[in-house]
Every structure is written in structure tokens, then in C-alpha cells.
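Shared between the two complexes below is chain A, which has chain B as its partner in the first and chain C in the second.
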Partner chain A sequence: MSLLASLLRLRADASGHAIRTSHVRHLHLSDQPLMMLPLKRTGPAARPLAVMLGTSPLRPRLLIAPPSGSTATMLTALAKAVIGHVASHHRAKEYLPATATRPERARYLDAPQLVVPNQQAVRFLRTLASGLRLRRLDDQSPSANSIRLLGQWLTHFTDRAQIPGSAALVSLTDLLVMHWITGQSPQDDDLATLLAWIYPPFGSTDGRDAARHAEAPDTYRGAGPDTDAAFDNEKLTPLVDAYARDPTPALQELEKLLAAYLQPTWDRLWQAYALLQAIPPTASAGRRWAAERAEFTDHTTHLDQDGRPRPARDQAVSAAISLERREAARAAFNADRALEDPFVRVELRTTGDAVGGTVIAVDDQHTICGPGGRDMWRPRITLSTQDPVHLEPGRLLTSHLHRTARYQVRGLIAGPVDTLVELEITAGMGTVDRPNHTVLPSAGAFLVLTAAPEHFRMPAFPSRDQTPWTHGGPPPEHLGDGDGSQEEQ
Partner chain B sequence: MNSLDTRLGTLRGPARPLPHSARTLAALTANPACDRRSVIDAAGIDKDALATHLGTPGPVRKSQLALRFGLAFEDRVLGRDHAELVRLLRETLGLDLADVAYEDLNRVATDQERSTPTLRHIRTRSLIISAATGLAPPRTVLNHPVLRLPVAGHPVYLEPDVLAFHHDGTFHVVEIKSFPVIHGQADPVSVNAALTQAAAYILALRDILADEGLSPECVSDDIVLINPLNFTQRPTATRQSARRQVNSLRFHLDRLRRLPELLDHLPTGTSLDLAPDPEGKPTRPRRDLAASLARLPAHYTPRCRHHCDLAVYCRDEARSRNRTEALGTAVREDIAGITTTTTALALVDGHIHPSDAQEDITRALRHAQRLYDDLQAGSA
Partner chain C sequence: MTCPNHQQEPSADPATRTILDQLATLTHHGMVVDAPPGAGKTTLVAEAACALAHPGAPCAVFTQTNAQADELVRRLTRLDPHLSVARLASSQYAVPDSLLTRPRVQVSTRVQNLTTAHVIVGTAMKWATVTDRHWPWAIVDEAYQMRSSTLLRTAGHFDQILFVGDPGQLDPFSQTDTSDWRGLPHHPVTSAAAVVLDHNPDLPVHSLPVSWRLPPSAVPLISKAFYPSTTFRAGTTQAQRTLALTIRAIKRTPLDEAIEHAAHTGWALLELPARYTHRIDLEALHTVLGLAERLLLRGATTTCERDPESKTLTAADIAIGTAHSLQAEHLRSLQAQHYPRLHGITIDTANRLQGHECAVTLVLHPLSGRMDASAFHLEAGRLCVLTSRHRHACIVVARAGITDILDTHPGDEPVDLGTPPKSPDGWEANHIVLEHLADHTIRS
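Our next item is the complex of A and B:
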């Protein structure tokens, strides 16, 4: 959160209307994602109650689990749907020539994308996946195999969801708040109230009014995966009891109940998707999606060739590696966002992590003594800014207008109103004879500089062959964990 | 009855006081800055009834399905002659343990009705003292102990769903919770909530020992937490330190000594009495009630909804007064010192002059506004 975000929240509060922030989308959205709306049974760790899913807003499929007994039938159907969606992307491949660091590779032309309402759904799928992929390894029936394969694919999607900038599994609520700020607290921002703020339905005076209505106890519908206690007590508990007496009619009732319960949220998911789909994606969103296609290709190869599930818990080494990958991806994603999104740049300027100012002095003759005693051309400029800069000397900055340019902070002089920032240009300025004037501007020009990522070309998504997570298989103590697990609950 | 009780009684009216519980005590540490809540809980006022009458009922908290699941799990732990429990205690505490003596305090009553908390507390107390002084069998599990903790000068009875396990001069609190431990990891929020509740029991146990001149140190800061393992209902146990939660609860209980002072500030006639008619329907005019409530300073945060029945009411109240706390902690901290949206925006827009203390934040806000305006105009 930034001071600017707080200010806009105050504005939204005062006006009753959501405020648009970013106008570019940083995540790829597929034309045909697999929308998934899971519900979890209250109590057990990861027993699904229902999943509504489909690739189009009309006629979603609803899979429901019986209130007690085996969930295998439901999970098999879910496996069929998810694996079917995945398999529909196992078609054409492109071939990438070898580079200095990598051999020639093939990559699927598109990858599957899962879209869910919120982080809680992502977490639920992750827990579900970790139970399914190791489930009853001794059972080799086709249905057990497909449930385990479902676990492995859900593991892939939920693992990817931990990588900042990945669009393999998208939480719509999180994506919406990258583009709009509401006049309520972030904790109150859930799918229903967010959409009410952003897109007040006909008849409401403003976003606040619409959100208020969406929240009224008798109309409110959480986006799951937890059901609320009132719904549990009034609707589900009686059906659970009825099921114990006479399963067939109770199951039909349950299906009707859940279909009606989920429908409004289902419609909202597609409404949110349509709103977000209309926002133009950034260039790096496309690049990251290409990397995602490579991840998908690698995971497919892994399942075909080795197929051992990821162990229940990462070993220390692979845990450290995934943490590092995540941090690298976060840095790269943040850098891309700053370079591609004027709103993000402005936000960074209010937090002091970027600077915008007027060039008031240029020393285009400045040189330093390079290695071997040769003079090296390092022009210097001075910016005058009112931004609250927090950039310590030595920090490298870059410009969205010229991304290979590097400006090194030499010093800050704080005045009563303005701060002077002395910068030395270390890359991108051309040569003394033919300077690049975008990078080396003349006095009077206005520059916005953001932090340069430490290694700009740092691979955000190192190839899987460099990571050891494909090895191990389930450690012996966990072999039996999945045994009868879902049945017991 | 002391005068504090009388004053709290006046605030509550003739309704029966609701006792504090480990849950309300835990809420105390969740939002310690809220005087409204401290006073209402101390007076034993039913917050849910209050909120409902004011037209802002809180969400239903207890799911039948969750309760059933919890009970089934508890049965599994305690059933079959506590075989699982003994195994878990042996493994977690590293004891060479074949069997334990077992006392269920719920079975103290001889008459049809369950005996009163006071009686059961006396019984708990004597069992604990005899364990501590070596009179009882060396390994004893007490189920459903009734503990007592002085809160703001009042004895509060806690009837925890926990066990106190005594072995060789040491007590451990044992909690059975139905959230899972999956591949060695449990949800940290749930664990913290369990530890915060356990902290109340630890303090209450220590209180009993201290009263007898015995060393409170006998009650360990470590608790044994029993949860379902992975995706099954098989129990697993972990040893967890509640030291941080014990310290924090003790600190906040000490702060409750300020209660008389808080009550001093209330105008006479302040009352949260719902004035129920013979059928129990509240007849108190809402406006009147809201006015009394408004005299108790609240400290709303969006997290209130997780632990307080008045959350919807307090949020609406904050919103209707344009107070920034309804907008979340980030806003509140970012513009610390400015309490309403109206003032904040008037400062930004130059309609009012900042005080000395507001100068820095006003400058920063105006700068942010300027950058945003430039962005809108396409010139940033």
C-alpha cells in the first residue's frame, strides 16, 4: 500500500465511487480459461463440497460431493474436467532454437489457465492437491490414477500461483484490486462488494450504496470456498441429516440448493473476468505467458517421463531454491510493472522508491578513471524534485523510456522544498560523439526514474531442468497418509 | 458486591451477566485498545443481542457442521479409554507412560443437574492442589476443569474444553482442536488463536497454585496441541510454546484495572439495558441505546469482525462519522493523526490549514494528489 493508494481510498470514500488506478493489465488472461468455483465442506481439512466449473458463463457444470462417504466419484469427474482442459492444450508446439545457455526446446503454443475467485480458493486447491497427489498409491485403478493425476496438475497450478507475475492460476479478486480502489477497507473487498463498487447495478445511487446492498445478510453471498455458518446451520445440516436417512432425494436437493447458492457468484466471476479482459495487457504479460507455456510444457514432459509426485514437503534445498525463484520473480515483476505502468511509477514516487524531477544541471564532459587507467565517459546530471526520495547513494535507476539506461545515485541534497539528486549515467548514454539524448537530456527536461532491477535479465522463470524438485517422490512416512483420507471425513 | 460491580450492573440493567470466557479474553488481546469492548465484556452484556436490536447483527459464528466435526474428533482422542491420548502425551512430552489416572470434572455432579461452576471449581482446585502436593496419582489428566481467573477484580469462571495434565510436579494444558496439521504445518492463525485461549487457562492454573503458596512455575508455558493429521481424523500432537500469548494476556488483564477510570468518564444515566418486555423482546428505543453506546469510545479495525459481535455496528458508526478506521489499518497508519476523511481531504484540497503536527502529512498528501492529477492529465 502506498500513500497514494490511501489518498485514493479516502477519495473513493468521500465520493461513493470506486477509483480507477492502473489502466494496463499485468497478467495474461486466456480467451477460454477454466473458471472454477470450489466450495469446501466445513470441518475436514480438504473435503470438497462442490465445484462449479466451465469455460463459458453459460451452462456451468456442477459437481457435488455426497455429505458423507466416498468422494471418489466426484473427484473422478473433476479430474476428467480439469485434465480434459489441460489436454486440450497439448496440441501444437513451437520449436525454439538453442541459445548460449540452453539447448533447443519445444514449447506448447498455449497453456491452460485456471481462474478462481480469491486467494482462499487458491489455498484450498493447494491443500486439496497435496492430499490427492499422494492418495492411495497402492490403488492402480483408472479412477485412482486419474485422481492422483488431478492432484499433480492442481499442484502445478497452485505452485505456479506462488510465483509473482504467473498467470497459470488467477485470483480475480486480487486482479481487480490492482485496477480499482474502493471506499471500503481492503479486508472488506471481496468479489461481491468489489464488483458492487466498481460496477454498481442499475438502480443503486453509487458504489457504496451497491456494496451496502450486496452485503445485506439476506442477499450476501461469499465467494467461497468456505460456506458461512448460517448457511451451514439452516440449509446444509438438515440435508446432511436427510442424506443419512435416504441418500437419493437428499442428493438431488443438495444439488438444487448448491446450484442456486453458487449461481450469483458464478455470474460475478464472469463479470469480473469481462471487466479485466477489456483492459489492455502489457508486453511483459505476454512474455511471462510465454514462460508459462514453457513451464506447462516441462510439467507435461515430467509427468510423461517420470511422473513421480512432488513429495509432501519440500526438502530444505528445494524449499530454498523455490524461495529464491519466487524472490527473483517478484523483483522482475515489480520492475516490469514500474516500467510499463504509469500509475505504478507515480505510486513509487510517493513512497520515495522512484523519483521524478526536472534536470537543472548537466555535466556532459564528466569522466572517471576506468580500469587500466583509461578515462571513461560518465556524464552527470542533477535533478530537482519535490518527491520524498529515499534513494541511498549507489542505487541504480533506470528509465521506462530507455530500459538499458542506468543512472547511479551519487548524492542527495535536501532543501526546504526541493531535493537535488545527483546522478551519474553509467549505461545507455551512447558515446561522447553521439550521445543518446533520451538518456542524457538537456537542462529543463523532466525525467522519471525507477529502481533498476539488480539483474535486469535475471530469468524470472528458470527452466525446470535447473531445479531439483522433480526428484524424491513421497518420503516413506507419508506413503500411507492419503489412505482412506477422504472417506474417513 | 463492590461498587465496580454495582456500576457495571447499572450499565447492564437487569439482564443476567454473561460470563467472560477464554474466547472473550482472547478478543481482549486482539483489540486491546477498544474501551467499548472492555467495558461491555466486563459488565457481561450480551453483544449479540445488542447488535441484533440495533439492526446490525453480526454473522452467525458457530457452524453445526464444524461443531459436529469437532466433537467427533474429540471422541476419537478421548475414546477407547484414552488410548490415543496416552500415546500422544507419551510421544509429545517424551514420557515413559503406560497409563494415566483420569478425572472428568463434568461427572462431579451427583444430582441430575450439572453442579454449578463454583462447586466444580472447588473440586478442580482440590484436585489440582493434591496433584501439586503429591497426594494424587503421579500422572493425572483432568478433563473439563473449571478454572477461575480474576478479571478486573472479578472472578471469571472458565469452563474450557481442555485437559490439564499433571505429571511429576508439572502441569501442561492440553487442547484438542479440529483444524488439521497437514504435512507438518497448521494454519498459523488458528494455532495462534488456540495458544491465546490456552494462555487464559495457564494463568488460571497458576493462580490456583499461587493462592496455595505453591510455585506457579509448575504450570508449563508449553501446551500440547492435538489436531487431526493430514487428511484423516487420526490425531497428532505437537508441543507449542504459549509464552508470548501468556505475557500478552497478562499485560492486557493488568490494563483492565483502568475500568473504574473508564466508568468515571461515563455520564450518569448511560445504560445498555435492552429493557426486554415479559416475552423477552427488547423495548429500548434504538436511538437512545445508540447514544449510550456512543459514549463508550470504540476502536474499530476491520479485524473486529473476526472476534466481536458489534463489528457491523461499529463499522457503520465509523462510516457515518466519516472516520478513517473503517477504511483499514493502512489508511489509518498512513495518515496517522487525522481521524476523518473529511478533514484529510479538506487538508489536501487546501480548505483548511494544517496544524503543526499535520504539516508533514499534509504536504505528502498534496504531493500525492498532484502526481495523480498529472497522471490523469497525461503528463506524469
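Our next item is the complex of A and C:
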């Protein structure tokens, strides 16, 4: 947490009102998301207790797993709901022409979006998914197949959730704290209290007051997937015992209990969703969603043509590729956020990763000797700033006003009050005869520069069967029947 | 035909000699050499590169940073003036003029242009961009700092690879979540040396037994705290390494006491009153810079086996090490504004001081002023780098109360199946170092 965020948190606490930080939304939000509110049983890692889900706030479906015995019926119903939602996006496609690096391809016009309350729910779905997708197909019943397919789709969503900037599976709590800072300590980020801070109900004096009410032990509802101990002991255990004696009435009681337990959180989920959907999305959110649609198309194709589940553990090559994709996505997402969000820029300036300052000198005659011996025009500017700049010489910066421009840090001169930052413009400045003046500023202009996104592409990793001896050589073939085989797709 | 190295003297160090002899006839895919701080790792890499180089089939050398690559090129040209050395560099990186003008050194951004070189030196990231090549030998320097995923890109281009590195320094890291791969032998963020040893347990492993950098006063502690399984000894004697203060202080401050103690014993801990501070603890930062300035003002001189005549300590012989880059940045700007005498001093984080050597190190303790310890601040490699850069003395600056932070630290790091426990353990290493420094504490 930056010092600025800590300061705002203290201010929110002092005033009792949540503080709005970011006024733009960095993730695409669908008009018809599949909202999912899972609950798990205390104890086992991935035994579901119930899932409330639906695409409309008014008609939630509640699926209940019996306290003991097989969960297949519940999982089959869940599979039907999730796969049905996914399939509703398998309709219209668009065709993208071939580019220099990629052949012509098709892409679905929309992709499914799952929305859950928090990171814990994402983790629970991941654990559930890895168990389901590798289930043995002992009985070839249609339900066994659909449960396995549910595992494969949940794997797709939870894998995408690992990619920064992806909106395939959205955790609402994480998205809320991107836009508001409350007086709540960040460790206690919880849907009920956050929402009380941000959107206090009528009758409460301020956000802090509302949050205190929301935290009152007798009415508080955690957003899952873990249930709290008091609920387990006082409500759930008697019904579990009753189920052992006589299943049918106990199951009806359980359904009634869980419906009442989940309903307030369900309403809050949609309230939070509506709040977030009202925030205008950024241009790059749309771009990332287009990439998401391509991922969705690719996964659909994989399931149709190959169908083997992702193995339990990555092989050397797939792990390295996956790490590289995550790191690239993280860098690109951070760069996009800095370019599109004034609050992010301000925060980066306080930590020294961005710089804002006044142009005090412009050398528009400066040239360097290029590789072919030709002179290349590289105008230089000097910024004077009071920001705590921590940029090393050689770093490439860009400006949110002119995104193709690149300013390379040449040096820093620390003074008693101001720091002078010497910059060389390496791209986007036009030509000597027709300089682009947004990029080549005049003295006195105020510039804010942030880290430039990197577009450098490394060559591909070796293929799986070319795994070198250092990493154990090529791994054995992947059979994909879920019997503990650990190969990649 | 080997490279024209006939004029070269055989290596003085017997351990290096043994390794070079075995390399010539090695039937395994590769070899791993573990080297403690200052054990002649760069010398071994240079000599091995020279011995393995063939015209037409050059020996590839991987370093982790551009500065290390430049230094290695200089070392190679000094070692054998007839050797044709190439520096493979990224187009983003400005190669120093001193290399560009050196005879028999080629510099290029494309490996295709380097056909006549005996040895090609480049960073691991640059080598990762080379495709469709096949050569007999590669040498990986600082193999414990290179990611296994970077090695995966290029390992297939070589028949045999020599890995050289210091297992006690900092491991590679990633800012993204890597928990998916915990416990896998081919974890992409594990080190290149670790992944190779895990998959090839029969690979010969050597270690260099003598530290030529660390003074005899430092070796027992560093060896015990950070290298419990491969002990090493000092290559010099107490009498060869001296640090003396030629100017007497008129009024002795705690700073003077600390540098006098360090000059005498090789270690000092200057303890500031206990206080919780933000990462930027101005009092501690000024204390560190004040210590450096006092060393120069007191006319510190050193003698060592390289310079038996006494040599005056300059700012360039001192390094200041921190845990966070923010602290290093702040120190640098304080130095520029308030301590002009210290112009030329090295101030950097532990990550960037890896491979650096200096006469005296001043360390801002990673746990100083903190309320709690964390995996980052406890990491053994971080403290190891900070306390093993010096040839004469190391002075640590810290707020009082670190022992309490360690004692109350709950050991709640999750244990993962398949992940061997970290050796040495950061908590334990921190305790060993503090216990040693307890005898060298000066309170301010």
C-alpha cells in the first residue's frame, strides 16, 4: 500500500466517508454476467455446500449439496447452469483477417463472464475445478461427462483469473477497492462492510456508521465461501444430524436455511455490480475483453477438437509459457492503467515510478549517430520536478497525451528542492521539418510521464518434445484420462 | 585446435585447476561449480571459457547483467591477449567506449555477425533471443540468479553446459503469483542451477574452497551462517589485511567508536535507539552516510596482499547496501546534497550488489525499524550479499530490538510438498549474524 493510499485511508476514517479514487473502470463488465455465490463445507477442501447463481438479481437459483453422500446431483445441476450460460455465447462469430503474424481467425462476438464476491471464492472454484476436470470416467453416464466438462470450464475461468486485467472471472471486492478507499483496514476487505462504506443505506449517518451496523455479529453475513463457526454450530450441525435420521425433510429445511442465509449477500452482489457498471470503462478494457473473447473461442475449439483436460501439474515448457504470459499481462495492465487513470498516475508519482514536472529547457537540435552512420534527430528536454523520482537512466517513458511517444531518461540531477530530469525523445516526435508539438513541448509546459509499455516479443519457447536435458528432457505423452497423468495439453 | 592460450600461466588455484582438467574430458551433460563470495568465480569462468573455446565453435558465456558481461570481456582480453572475444549486446544497451575501442573485441547486436569469435559473452536475456544455433559449450555465470525459464529457452542450443554460481545469494523472483508451481522441480522461477541439479542428480558438483575476497575475520561467520553445507576458508591472513585510521579524533563520537572497532575486528554494529520507522528512517540514513564520511575524514588506509603498501581509502572503495531500492535512492539523493566528499561511493540494494566487491561495506540492516519480519526481510540471501562484499570491514547500522522481532516472528510460512526446506533458513541465519554482532555492538 502506498503512502498516498494510507493517507486517504486515514482521511476516510476521520471523515467517516469512503473516498473515490479511480473514476474509470479497467475491467469490462457484461450486461448479463453469471453471478455465483458459492458456499463450501467447513473441513473438506472442495466439498460444496451450496451455490446461489443466476443472471438476474430477481431470480436466483439455489443448488444444495446434501450434507453427506454423493454431490453428483448438485454438480450436474451446476454443470447444466454453467455450461448453459457458456453455450449461450456460442452463437455469432466475427472473422478477423490475417495479419503479418497470425492467420485469419474467427472470434465469438461475446464471451461469458462469471462474477463472484471475493478472491476466496475464486480460489474455491479453482480447487473445485481441478478435482472435477480430472475425475475418472468410471461410469459413462451423461452426468459424469457434464461434471467433467464443468471442471474444464471452471478451469478456464479460474486460469484466466490469474492473468492481470482479465475479466472472465471477476471478484467484486477486488474491483470495489480499485475505485474507493474506505476507513476499513485492507485485511478486512469484505463485501458487506465495503458496500456499507461506499453506499451507506438510508438512515445511517455515514459510511463508518453503516459499516459498524453491517459488522454487528447477529446480522453479519460473510460473503463466503466459508461459513462462520457460529452458523455451523448453531444452525448447520442440527440439520446435518437430522439429515442422517431422515433425509427428505432435513434437506427442505437446509434449503430454506441457506436461501435465507445467502439472500442478503446476493442482493449486495448485484448492488455492487450496478455501482461498478455505472463507472465508464476505459478503452483498454474493451481491448482486453476482445482478447478475452479470443481466449474463449480458443478454449471452445480445444474442447471440440482435443478435449483433454489441463493436467494437474504443468510441465516445464507450459509453466514457463504461463509465467511469461502472466508477467507480460501484468506489465501491460499496469501501463494501461497508468495511461488511462489520473489517480494511478498520481499514486505512481508519489512512489517515484512516474514523474510530473515543468519543461525548463528544450534542445530541439540534438542528434545522435545512428547505426548506419547517419545522424538521427533525438531532441532533448529537461524537466524540473519536486516528485521523488526513482527512475534509472535508460528507462523508457511515455505520456498519456501522446501514447506513441517515448522519452528515454538520460540522467537525474538532484537539487536541494527540485530534481532535474534529462530526457531524450526517441519516438513519436515527427521529423525535423514537421515536429509534433504535443510530443516536443515548449518550455514552461507541464508533463506527466509514466513507464512505457514494452512491446518486445521474445522468441517462442522450445516445443514440449524439445524440452532440454536441463529440465528433464521431453516428458511422456499426455493421455488425458485423468488417472494421475501429469502432462500438458 | 584450442584457442591460442599457450602463453597462459596455468591457474594458481588448485581447485580451479582440477575443475579445468575435468572439463576437458567431461562425459556428462554439464557440471556445477558452487562458489562462496569472492572465491574466484569470474576467474574460473574466464579460464574455462578460454580453455573450451574453439574457432568456428565458440564458447558461449551467459551473465546476468550487462555490467557483469562487460567486466568479463575485459577479464578475458587481459587473460589472453590473442583471444578473439565478442560481446553480444541488446540494441537498447550502450556498450562502454572502453570495450568498443579494445583490440580483438567485437560488439554486435546479432550473433550472425560474430562468426570469428572464440568466446561470445552476453546476458542470459540476450542469449534467449538467439535461435537456430548449435554449439558444443556454454558457461552460465551466476547460475543461482538465473531463472530456470530463461535457461529453458537456450539450453537446447548447447551440447554441454558449465554452471558457476554462488548458492548463498538471492534467488530469482517474480512479481506475479507463482504459487501454482510450488513443489515442481521445474518451477519457472527457481534458479537455473537448482533445476539442473534436480533433474540430473548424477551431474558432477564442485565447490571452490577458498574465499580470496573475505578477510579472515569474516569467513567463519559467513561460512557458518550462510554456507552450512559447503564450508570454506580465507585465502589471506589477518596480517595481510589491515585497516588503519591515521588521523585521531579530537572528540570521539559513537561513529568513531564504530569505525575504530571495525578497523580493529572487521565488524561493528552501530545500534540506534529502538523506534518503529517507515522504510525511510532519516536518522539511520544519515548515520550510514556519516560513517562513510568519518572513514574518509579519519584518513583510513588499507593494506592487503594486492597492495602491501598502505593505500588511502577513497569513497569509491566503500559500498552502502540496503534492502529496498527506495532506501538506496534516498541515500543517493542525500549523498548528492549533503555529503559531497562521498562522491563516487556505491549505494545500492542487495540485489544489485551481487557480484560487487569493495574494501568496506556499510549495511542498513533489513530489519531495522520494522515492527515485524517478513519472508522478504528475512531472506538469508539478502543478508548474505550485504555482509559478504567487503575485503576489510563491514559496519551494520540498525535500530535496537531486532532480536525481539526475530523471537516474536511467527513461523507460519506454508510448507509445500516437494519443496525442500530452504537452506540456510533465513530466520536462523539472521540470528547467527546478530549473535556474532552482539560482541561488536556500539550504542549511539
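Here is the rule we use: the second predicted complex is superposed on the first by the 455 of 489 C-alpha atoms of A that agree within 3 Å, B and C clash if a C-alpha of one lies under 4 Å from a C-alpha of the other, contacts with A are read in each partner's own complex, and residues count from 1 in each chain.
Please note the rule applied: a contact is a pair of C-beta atoms (placed from the backbone, for glycine too) under 8 Å apart; a residue touches a chain by one contact, two chains touch by 3 or more.
Not measured: the values here are computed from a predicted model.
Asks: Thinking of the overlay built on chain A, is A:S130 touched by chain B (first), by chain C (second), by both, or by neither?
Replies: A:S130 sits against chain B, while chain C stays out of touch.
Asks: State whether A:E327 touches chain B only (first), chain C only (second), both chains, or neither.
Replies: A:E327: touches chain C, not chain B.
Asks: A:P416 in the overlay: touching chain B, chain C, both, or neither? Say first, second, both or neither.
Replies: second
Asks: Using the superposition on chain A described above, determine whether A:N233 touches chain B (first), chain C (second), both, or neither.
Replies: First partner only, chain B.
Asks: On the A-aligned overlay, A:D188 touches which partner chain: chain B = first, chain C = second, or both, or neither?
Replies: First partner only, chain B.
Asks: First (chain B), second (chain C), both or neither: which does A:G16 touch?
Replies: neither
Asks: I want to verify the contact counts: of chain B and chain C, which reaches more residues of chain A?
Replies: Between chain B and chain C, B touches the greater number of residues in chain A.
Asks: Determine, under the contact definition given at the top, whether A:G428 touches first (chain B), second (chain C), both, or neither.
Replies: A:G428 sits against neither chain B nor chain C.
Asks: For chain A, give the residues common to its interface with chain B and its interface with chain C.
Replies: 3, 313, 388
Asks: Under the touch definition given earlier, write down the residues of chain A that touch chain C in their complex.
Replies: Touch list, chain A to chain C: 3, 162, 164, 313-317, 319-320, 322-324, 326-327, 330, 352, 371, 388, 390, 394, 414-416, 419, 458-459, 461-462, 466-473.
Asks: Which bits of chain C are touching chain A when the two form their complex?
Replies: Interface residues on chain C, with respect to chain A: 29-30, 91-93, 128-129, 131, 148-149, 151-153, 155-156, 161, 174-178, 180-181, 184-189, 192, 195-196, 199-200, 278, 325-326, 329, 332-333, 336-337.
Asks: Taking the complex as given, what residues does chain B use to touch chain A?
Replies: 57, 59-66, 68-70, 178-180, 182-184, 228-233, 302-303, 305, 322, 324, 326-331, 334-335, 341-342, 344-345, 348, 364-365, 367-369, 371-372, 374-375, 380
Asks: How about chain A: which of its residues touch chain B in the complex?
Replies: Touch residues, chain A against chain B: 1-11, 13-14, 41-46, 127, 130-131, 183-188, 217, 227-230, 232-233, 236-237, 240, 312-313, 342-343, 345-346, 349-350, 356, 386-388, 448, 478, 481-486, 488-489.
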